[in-house]
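Across the two complexes that follow, chain A remains constant while its partner is chain B and subsequently chain C.
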Partner chain A sequence: MEKKKRAGGLGWRRKGFILAFLAPTLTAFAIFYLYPIVTVIFTSFCKWDYTNIKTPQFWGWDELWDNYQYIFQTYPYFWEALRNSSAWALLGAVVQVPVATLIALAFSRKIKGVRTIRNIYIIPNMISTAAMGMIFLQLYSPLYGVVNPVIRLFNKGFDENILLLKGPAFWAMTCAYIFFTGTTTLLILGNIMAVPEDVREAAVLDGADGLKQDWYITLPMIKGTLKTVSVLAATSGFLLYNEVYFLTKGAAGTYSISYVIRELAITSPRTQFGRANTVAVVQILAGMVIIVLINGLYSISWKKKKEGCR
Partner chain B sequence: MRENGKRKKRASLSGATSLSGGTKILTYISLAWALLVALMPLVWLLLSSFKEDPLARPGFQLPESICLDGYISTFRDLHVMRYFGNSMVIAFVSVVLSILMISMSAYVVARLDFKGKGIISILLYSTMFIPPTALTYPVYNLVNRLHIYDTRSALILIYSCSGIAISFFVIKNYYTNIPKEMEEAARIDGCGYVQTWWRVIFPIARPGIMTAAVLAFLNNWNEYYWASLVMITREKMTVPALLSTFTTAFRTNYNGLFSAMVVIILPPIILYCVFSKFFVEALSGGAVKG
Partner chain C sequence: MKRKAVSLFMAIAVGAALLAGCGNSGAGQATGGTAAEEPAKEEAAAESQAAEAPAGESEVLEFYHGYYHEESEWPAAKVMRDIYDEFAAAHADGPVTFKPIPVENRAEIVSAQVAGGNFPDVVDVDTAVPQAAISQGLVLDLKPYIDENGLQDAVGINYTQNDVDGHIYTVHDQLESRGMWYNAAVLESVGVKMEDIKTWEDFGAAMDKVRAAGGENYGYVAGQGSLMMLNAMMAESEEGRNLLASELTEDTIRSEVFADAFKRAAAMDQANGSGHTTEDLGNLMDDFNKKGMVAALFNGVWNASGIDAGLAESIRPSLFPGDVAIASAGGGISISSGMSEAKTELALEFLAYMVSPEVQEKIFTGVQANPCNKTVDLQALAQEGEDPIVMKLAEACSQVNSAGTVVIGVSYTWGGDVGNAIINALMECAVSGTDIDARFEQLQQELIALIA
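Presenting the complex of A and B:
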């Protein structure tokens, strides 16, 4: 009570302090998030391209969806990009997270040398994804790479660049990033280690060990982290840009949504800012869908498991 | 002492759980896979950088003799140190700016009650789920309108403003765990709000703030998307942006290309090897001992 009074007496100072300490972050938020998002949403309904760079022009209510129509029906790469990005999002959740979890479980065991292997496994994640893309571009080179000689073991005389083959190019690009789960693995490992010792001990007494213990005790206890990590993996798969740029530049059916946005807005000789922002709106919405979907899936599978236990 | 006892307990426990066959096999496969995935590309890159002509000896063949020409020209002709300098300055300044402002705001949100606190938390949290690439054109446009296109300030602005969410929550969590008595003691000693934060709370929260700073620095150092968007003058580029000029810059000089790439990925690897303990703890949320 008394404290509250004092705070009231210092009201203006307190207020000033709060405002002053919040202001910088809120300004940054406004500059980098609020203003751009409002712009993106508004100008996705505007005619705005290389002919009227300075002044975006609202399509009017009658032609409100003109940009969207163009993107969905006329623009040649949109559906390819959406399909690829969705596939990468899915692969993030169903390949990256299980692989990361398996490796995290392996790292959680007490085996000689496990710490060294763990530290080595993180190294590729310390390097820029741009550099990793560049390294894989070399690995896939038909002239001096590693992949072609391996293919030649099964298919003599193969001398094409797999990054230019429709189909294989998509998978080659996927392999260039999907197995580097170092940071995800560490997050999961951190949670496994935080599972209280006595819980594990009780499981051991119950006769659960190794895989059984992991499946029934450890994994359910880190469910929250697995969900978060799945959202992150799926989102980053959906946003893939660097790998596309360094490996194929969208050739052989490998466009991604981010690549389309950048091409429409910046790289293309006939830039179309309004339409780029239309794709951006789609990207933002798709991101939300991913979050909702994964949250939903986890809560459903969790309920089932609980009922199964009873 | 306590730490020691804990360790003993763990040891005895692991002794009790000698792994069964299937688990053991799966564990070893996972470990082997982890090693292979992490090392294969890097070892190949290093190997190729020593080959005088990677075309003549492709794949994992060992070089005939060790050729260091590429490394010499990376420093002499490519002036790689200049780009390390650019990256360093840009990443460092933006980390200092963003961490300072976030550690101020996070303190207010973590320790004081005021109207609109919930909304601010939600706003900042939501930024985690806004795809930065969706903001490409507005940000590009803003940079142009501020007349900072193709300057280091543009990247510093972008890096200080982006990635707010993660730093905010790492630091806020740390503040929340500091006992209230610390502040009360400081207030009784006559410290104002700012002084309490700067003299008492900030130093205590330093480990959490450092964690956020290191993660942010690594992100900024490795960032490619914005770096390649707002910089065109080669001399001002950061290291990742420089990479995209390589395919044309080196053309058929593969030895040079490989050497330059090794040099470019080396600083983060060295930094990591020296501070791996710190990185592992930071990335795992403090639960894994490095």
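Presenting the complex of A and C:
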């Protein structure tokens, strides 16, 4: 009985310590994440603009969806922005991650000079996205860039600004960010390097070498990391802002969700915080959907793979 | 026991670190980061400094401005900082000290403060004072001070353009004056004299000739500049001028004047080609100022300082066709209404200092901008210095100041988001084959939605 009591007392102390250690993180989470998220959600149901900037005013139950109605039905750039941001999220997951994985696999090979190449590869990733935007602006310049001369090889006399052509402008912007996979590559490479050597050796003995080993051994062992980087790539694609700002400012159908939020909250003289937060709610929800979808897709695909192996 | 002690020690350490982190923002600011990089920290530090200042110590009047650039990057920024520093030095021993703070993101700082029901002590606002700040009564009405001290001429166009229902909430010490810059050599090479360009039809015909001549030269830099073209085209009629001076309404969007100006500008842009179109004039400015391969540039009077010495002879300022200039006072010095009497007094003194002839002359010669003070004799100043750039600037400023028609820039009255939407529509029209009528209809829908 006494033993039980002591164990219980120790349990509470332990809980106390756990709480004490968690408290800073929980406090920071509540202040810096939870509170803003709750505020964003609440104020998306409020009239909050230049007329009542100090006191957001709840629309009331009858007009509860007023901001959402404006954003979904009236605001001219929302659907375009949502479509673009979703596409960039998808491309982040299905293009950026495979490209980064292939590069990481290549970098994991024990070849002479691979370390130097790895370092060189990382350099462009240290350039800020804003500076990268300016660099791509020059690349796409019809007067001085390298892209138009390449197009002219197939289409003589082409002298348009590619950033002003609907369709091509979207892809030009995609190219300005999607191949910069430095961080993703490093994360994947770190995990590839952590695959135990004896597992590799066993695979070689079983006849799995080279690409076969990558496919059946390495990739399944780093699936957790692949899932994480897919979420990161998709969300950063969804949040794309700098490229839009520096390359097109939304022209030729290239608005993004983040850009639209700034337009409503800062650029508009009407300081439409309520409506901007409505778009932000969509952004938060979309982020959650992205995480759930990627988790779902990974669990389905790996389950199938396991079943296939059996 | 040992484990317990270690755990207890660690818990205390984590707690102490958290508390130290929360309470150390001011101290952290003092050791790291520049004002330009960390305005929020600056502000927090200054606030805590003011709050903690013992009774009897001087108060601090903070002034946010956008001249953060290195001297090598933009010499004018240093001139402005020197002007501010002189004022600060003159009041270093007073009951209130003046602290200029250079920042990159004035709009965001003002927006964030206004959202919290505050306003910076003094700020040189980026484009305009947010209506949200005015509606909350956060900004001081400067009109009584201007009237009492007879500063009407000193604040110049601010007195009328920045009048909001009988109140003036901002005074810009320099005007955003825009007109045309022509390269007379390029025009003459195709048989056009810039003096002969009197109407937009003349302008279009001249650009056609430049294009027809082929080669590297081209007509003008479209995109951001095209908004000025539309602005100036609307200014040709009385109705257009009235629409430009008032808030954007559905009637304006559906007006013939607006449609006509947009379609004329778009047609010219399409003929000029999307290859010469950019959302930021700066991207192609060197083609005009340094390489001399562009016939015309829509830009402000400040373009004088960017012209290459070798092209100084051929590049000359002019008004928009139709004797039109765009001059916007825009946002400038704005003062918080919620300060102590001593701080407000110093802030108003700073305003008077900035529009004084001495400072205005420095703004003209050093910053190479059009000063707001009407009493400054620009031509005389230019001749005193004999600097060719200043003389060109004086010529441009004089033209704008004496233009037959002077109108405000559309972005100031219609809003930055509306301005962006129009620029985007014009840029898309620059692509050959774009249906201008259809794009205009789409723009109308966009604008109606934006003002909803």
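Just so we're on the same page, the second predicted complex is superposed on the first by the 276 of 310 C-alpha atoms of A that agree within 3 Å, B and C clash if a C-alpha of one lies under 4 Å from a C-alpha of the other, contacts with A are read in each partner's own complex, and residues count from 1 in each chain.
Rule of thumb we're sticking to: contacts are C-beta pairs under 8 Å (C-beta built on N, C-alpha and C of every residue); 3 or more make two chains touch, one makes a residue touch a chain.
Keep in mind the model is a prediction, meaning the values are calculated, not measured.
Engineer: Following the superposition defined at the top, how do chain B and chain C come out on chain A, clash or fit?
Structural biologist: Pair status: clash.
Engineer: Between chain B (first) and chain C (second), which does A:242 come into contact with in this model arrangement: first, second, both, or neither?
Structural biologist: In the superposition, A:242 contacts chain B only.
Engineer: Looking only at contacts as defined up top, I'd like to know whether chain B or chain C touches more of chain A.
Structural biologist: If we count touched residues of chain A for both partners, the winner is B.
Engineer: After the superposition on A, what does A:149 contact: first (chain B), second (chain C), both or neither?
Structural biologist: first
Engineer: Should A:117 be classified as contacting the first partner (chain B), the second (chain C), both, or neither?
Structural biologist: The first partner, chain B, only.
Engineer: Just chain B (first), just chain C (second), both, or neither: which does A:265 touch?
Structural biologist: A:265: touches chain B and chain C.
Engineer: Touching A:161 in the superposition: chain B (first), chain C (second), both, neither?
Structural biologist: A:161 sits against chain C, while chain B stays out of touch.
Engineer: Where does A:24 make contact in the superposed view: on chain B (first), on chain C (second), on both, or on neither?
Structural biologist: both
Engineer: What stretch of chain B clashes with chain C when the complexes are fitted on chain A: 9-17, 171-179, 207-215 or 225-233?
Structural biologist: Only 225-233 shows clashing C-alpha atoms.
Engineer: Identify the overlap between the chain B-contacting and the chain C-contacting residues of chain A.
Structural biologist: 17, 21, 24, 137, 143, 265-266, 273
Engineer: For chain A, which residues are in contact with chain C within the complex?
Structural biologist: Touching chain C from chain A are residues 17, 20-21, 23-24, 27, 49-54, 70, 74-77, 137, 141-143, 148, 159-161, 164-166, 248-252, 263-271, 273.
Engineer: Mind listing the chain B positions that touch chain A in their complex?
Structural biologist: 6, 9-11, 13-14, 16-17, 19-20, 22-24, 26-28, 30-31, 33-35, 37-42, 44-45, 48, 54-55, 58-60, 98, 100-102, 104-105, 107-109, 112, 114, 120, 123-124, 127, 129-142, 157-158, 160-162, 164, 168, 192-194, 197, 218, 221-225, 228-229, 239-241, 243-244, 246-247, 254, 257-258, 261, 264-265, 268-269, 271-272, 276, 279-280, 283-288, 290
Engineer: Write out the stretch or stretches of chain A touching chain B in their complex.
Structural biologist: 13-15, 17-18, 21-22, 24-26, 28-29, 31-33, 35-37, 39-40, 102-103, 105-107, 109-111, 114, 117-124, 126-132, 134-139, 143-146, 149, 179-180, 182-183, 186-187, 189-191, 193-194, 197, 200-201, 204, 209-211, 213, 235, 238-239, 241-242, 245-246, 257-258, 261-262, 265-266, 273, 276-277, 280-281, 283-284, 287-288, 291
Engineer: Looking at the complex, which residues from chain C come into contact with chain A?
Structural biologist: Touch residues, chain C against chain A: 7, 10-11, 14-15, 17-18, 107-108, 111, 114-115, 117, 128, 130-133, 135-136, 273-279, 283-284, 287, 415-417, 420-421, 423-424, 427-428, 430-432, 445-446, 449-450, 452.
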